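Next up: some structures, all given as C-alpha cells.
In the two complexes that follow, chain A is the common piece, with chain B as its partner first and chain C second.
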Partner chain A sequence: MNPYLRFDLDFILRHVPDFGPAILMTLGVFFTSLVAAFVGGVLLAIARQIRGPLCWAATVYIELMRNTPSLLHLFFVFFGLPLIGIVWSPFVCGVVALSAQHAAFLAEIIRGAIQMLSRQQREAGWALGLLPGKVMRYIILPQACRNSIPAVGNQSVLLLHDTALVSAIGIVEIMLTARSLAERSAASFEMFVTIGVIYLALSSVLSLSTGFLERYYAFER
Partner chain B sequence: MIKKEPMIQVCDLHKSFGDHSVLRGITTDIAQGEVVVVLGSSGSGKTTFLRCLNFLEEYERGEVIVDGNRMWYEDEACTTKRSIKKIAEDRASIGMVFQNFNLFPHLTVLENLMLAPLKVKGSSIDKVKLKDYSMDLLSSVGLEEKWNAQPGTLSGGQQQRVAIARALVMKPKIMLFDEVTSALDPELVGEVLTVMAKLAKDGMTMVVVTHEIHFALDVADRIIFMDSGCVAEEGPPREVLLKPKTERFQTFLKRFAEMQYL
Partner chain C sequence: MEDFSAMLFHMGRAAQVTLALAMVCVVLSTVVGLILGIVGMLSGPIVSGLIRSIVYVFRGIPILVQIFLVYFGLPFFGILVNPYTVAALAISLHISAYVAEIVRGSIVSLPKIQNEGGLALGMMPAQVVLWITLPQALKAALPPYISLVPITIKATSLASIISIWELTLASKEVANQTLQAFEVFGVAFALYFIICFPFTWFGYHLEKKLTAYSH
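Take a look at the complex of A and B:
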C-alpha cells in the first residue's frame, strides 16, 4: 500500500465540531430553497393550465431554467446582477438561484400530476357549481400534490445535493468547510469521505420522511 | 289545469365534434316534476344532450333555458355570452350524477357532500345545519354509517349513492343522471335505481339517460328515444315502449325483448 495514503481518523474527529454550523447552513439553504421552489412550482404549474400570455411566460421560463446549468444561474445572480445594481447577500443569491431552477422542475412534476387527474374530477366540481379557480384549489391541487409526493421527494434530494454548488460563492456550508479543511491539511480523502457520509445521512432522512408523508396522505382509489 | 312555465326549455340544439354532428336540432320542454328518460344506442347523442343541459358541453346553435335562465347567451339576440360565474350559479341548481361516480377521493364521504355548499355559498352558511342536512341525505340513501369513510373503500353502488347525495345537498331544482348504473355490477344496480325512484316520487324534475328499460317503464313520465342526434320518438312510456313506430326504435327494443326470454 502507498505509505502516503493513510486514513487519519483523528483528523476527522478533531474537526467534527466544524461541521455543526456547516450542516446548519446547508439545511438553511436547502429548506429555504425548497419552500420557495415549491411555491414557485405550484404557481408555474397553475399558470400553465390557463390559456393566454401567462401560460406562455411560464413555459418560456421553465424551458430556460431546465435547459441551463444551476452553476450558471448562481454566477449570474451573484456576479451578473450587481452590474445592474442588484446586490444580494451570498445566502439570498444561493437561495434565489437554486429555487429558480428547482421551481421549474417541480412545476413540470406538478403539471404532470394535474394532467394525470381525469377531466371527470373537474367536471364533477363544475357540475356542483364551483368556479374553475375553486375546482383547482379544492379538488385538483390537493390530489395533484398528494400524487406528486414521491417525485417531489426525489427532486428535493437533488436540491439537497445542489446546495453544494453555493460553496462556489463563498457560503460556508458542508462542501466549502470540507474543501478548506482539506486544503489546510493533507487530509482530502478523509474530508470527502466524511461529507459523503453526511450527505448520505441527510438524504436518507429526506427519503424516509418522503415515505412517511406518502403513507400519511395516502387515499384509497 | 294551469300550464306552468317549463323547467327546462331546449330549442333547436345543435352540437358537433369537428365534422361529426352529434346533436341535430333537439327541441323539447321538460315540466317541473317531470321525469324524462332518454333512450338511444351509443353514439345517438343522448349523453351529449344531457351534458348540454348544464353547459358541461358547449353547443353551437340553439339554446337551453333552465328555470327561465338562458344558459349560453344573455339575450335573445345572442350577442353577449354569459359569464362563467353566472353559468356556475345555474349549475349549482342543477344536480348531475355521472357514470363513474367522480367522488373526490381525497375527501371523506361527508366532506364530499359538504365541499360544494361551503365553497359556493361561502362563509354565510351555517356549518352545523349543513352537517345535519348532509347526514340526513346520507341516511336517506342508506349510508349514514359511512360518513367518515374514504370513497375508494366503498362499493360502486355505495359510491353512486353518495354521488346522488352530493348532488342533492345543493338543493337542486333538476337532477341529471348520465348512465349512472352502467359502471356497476348487476347486483348493485337495484340499490341505485331505488334511490332514484324515491327521488322521482318526491317530485324532483329528472332527466335520466339509461339502459334500464324497467326503470323507464315504471318511473318515467315521458320517454325520449334519440337516434343520430335527433329525437326519433317521444311520449308516455307505455305508449312508446309497447308500440314503437320507427324501425330503429323497434330494433333497439328488440334486444330487451329477447333478454326477457333468456
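Take a look at the complex of A and C:
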C-alpha cells in the first residue's frame, strides 16, 4: 500500500453534483443512438430479406461495421467527414458513429429473430391476401421485435458502454467529466472508481428493465 | 504516391502492435475466463456467488473505464507497470468475464441426463465433469468464444487512449500529419477488417456446422 495516498472519500462526495449533467449527457447520447440504431437495424434487417443488390449492400455494410472498432468510427466521422465538407457538432458525430455501428449489430439480431419465426406465419399472411410488405409490417416484424428483446437489451448495454468513447471527441459526459476532474486532482483512482460504480448502476438498471419488458411482452400460453 | 506507401508501411507496423496486444489479451482472457467459468460451476454457493459477482462487475463496467481503473489503480496500491501491461490486463479482465459467462452458459444448458448417465455408469463426479460435461460444454461454447476474438481485437483500439501506439493511434497521428484523414482512416478500417473478418467468418461457419448436427 502506498503510504502517501489514501482513498479520498471526501473528494468524491464533494464532486458528486458535477456528475448530474454528465449522466444526463451520457443518457442523451445513449437514447438518441439507441433509437437511431434500432430504426437503422430494422431497415437493414428488412433489406437483407429482399433478394437483390440491396441485400448485398446491407450485408457488406453490416460486416464492415461489425469488424471495425467504434473508436475508429468516431474518429472517421469527427476528423474525416469535415474534409469532404460535412461538419457536425461533436454530439451529432458521436450519435451518428455509434448508431451507424450498432445498427449493424441490431440488424443481425433482428434478422435472426425473423428467421426464427416459422414459415407458416408468412404463408398465413399471404393466404389472408396481404401484400409482402404488409406481411412484414403487421405479422413478421412485431413478433420478431418482441422475440429479440433480450438480445437487444444485451446490445444496448454494450451501446451504453460505447458512449464512454465519445469522451474522445470532446463530449462532456461521465467519462470526460471524470478525466478532467482526475487531471486537476490527485484523486484519479477515486474518480474512476466512482464512475465505475455509476456505469455499473446504469447497466444494471438497463438489464433489469430489459427483463421487465421481456416479461411484459411474453407470450400468454 | 511515395507518401502513400510510407503511410501503409507505418500503419502496417501499427497493425502488428494491435495484433500482438490482441493475442496476449485473447490468451490471458481465455485462461482466466475458463478458470472462472469452470471453478464457478464446480464450487459451493459462496465461491460461485463470489465469482458470479466478479463477472457481473467486470461485464457491467465499460472497458475504457476499466483501463483507467487499472492505470490509476495499480500505482494506488504501489504497483508500477508500463501502459502495455495495463491495457493487456484491463482488456483481458473484461473479456475473461465474457468467456466465463459463455462457459457457464454452455455448462448450464447441457441436459441433466448427461450427468446422471455418467453417474449411473459408475463414474466419480470429477470423472463425469472431465469426460462428459466439459467436452460437450466446451464444444457448444466454441462459436460464441470465437466471436469474442474480433471483439477483443476491436477492444485493443481503446488502448490508444492511454497513448499506446497501435493501429487507432497511428492512424490518428498520420491523419493529423498528412491531413488526409479520409484515406488514412479508410486504410485503418481495411486493416481492422482484414484482421477481424476471418474470425467472424469462422464463428459463423462453426455455428452453422454445430447447429446442423444438433437438430
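Here is the rule we go by: the second predicted complex is superposed on the first by the 218 of 221 C-alpha atoms of A that agree within 3 Å, B and C clash if a C-alpha of one lies under 4 Å from a C-alpha of the other, contacts with A are read in each partner's own complex, and residues count from 1 in each chain.
Quick note on the criterion: a residue touches a chain if its C-beta (ideal position, glycine included) is under 8 Å from a C-beta of that chain, and two chains touch if they have at least 3 such contacts.
It should be emphasised that the depicted structure is a prediction, and the values quoted were computed from it without experimental measurement.
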item: Room on chain A for both chain B and chain C (clash or fit); value: fit
item: Touched partner set for A:129, first chain B, second chain C, both or neither; value: first
item: Which superposed partner A:35 touches (first chain B, second chain C, both, neither); value: neither
item: Contacts of A:121 with chain B and chain C, given as first, second, both or neither; value: first
item: Contacts of A:138 with chain B and chain C, given as first, second, both or neither; value: first
item: Angle at chain A between chain B and chain C, C-alpha centres, nearest 10 degrees; value: 100
item: Partner chain(s) touched by A:219 [first = chain B, second = chain C, both, neither]; value: first
item: When both partners are placed on the shared chain, which of chain B and chain C touches more of chain A; value: C
item: Chain C versus chain B - closest C-alpha approach in the superposed model, Å; value: 19
item: Footprint of chain B on chain A - complex, ascending; value: 120-121, 123-132, 134, 138-139, 142-143, 146, 219-221
item: Contacting residues of chain C [partner chain A, same complex]; value: 57, 59-66, 68-69, 72-73, 75-78, 150, 153-155, 157-158, 160-161, 168, 171-172, 175-176, 179-182, 185, 188-189, 192-193, 196-197, 200
item: Residue ranges of chain B in contact with chain A within the complex; value: 54, 56, 84-85, 88-96, 98, 100, 102-106, 115-116, 119-120, 150-153, 166-167, 170
item: Contacting residues of chain A [partner chain C, same complex]; value: 1-2, 5, 63-64, 66-72, 75-76, 79-80, 83-84, 157, 160-162, 164-165, 167-168, 175, 178-179, 182, 188-189, 192-193, 195-196, 199-200, 203-204
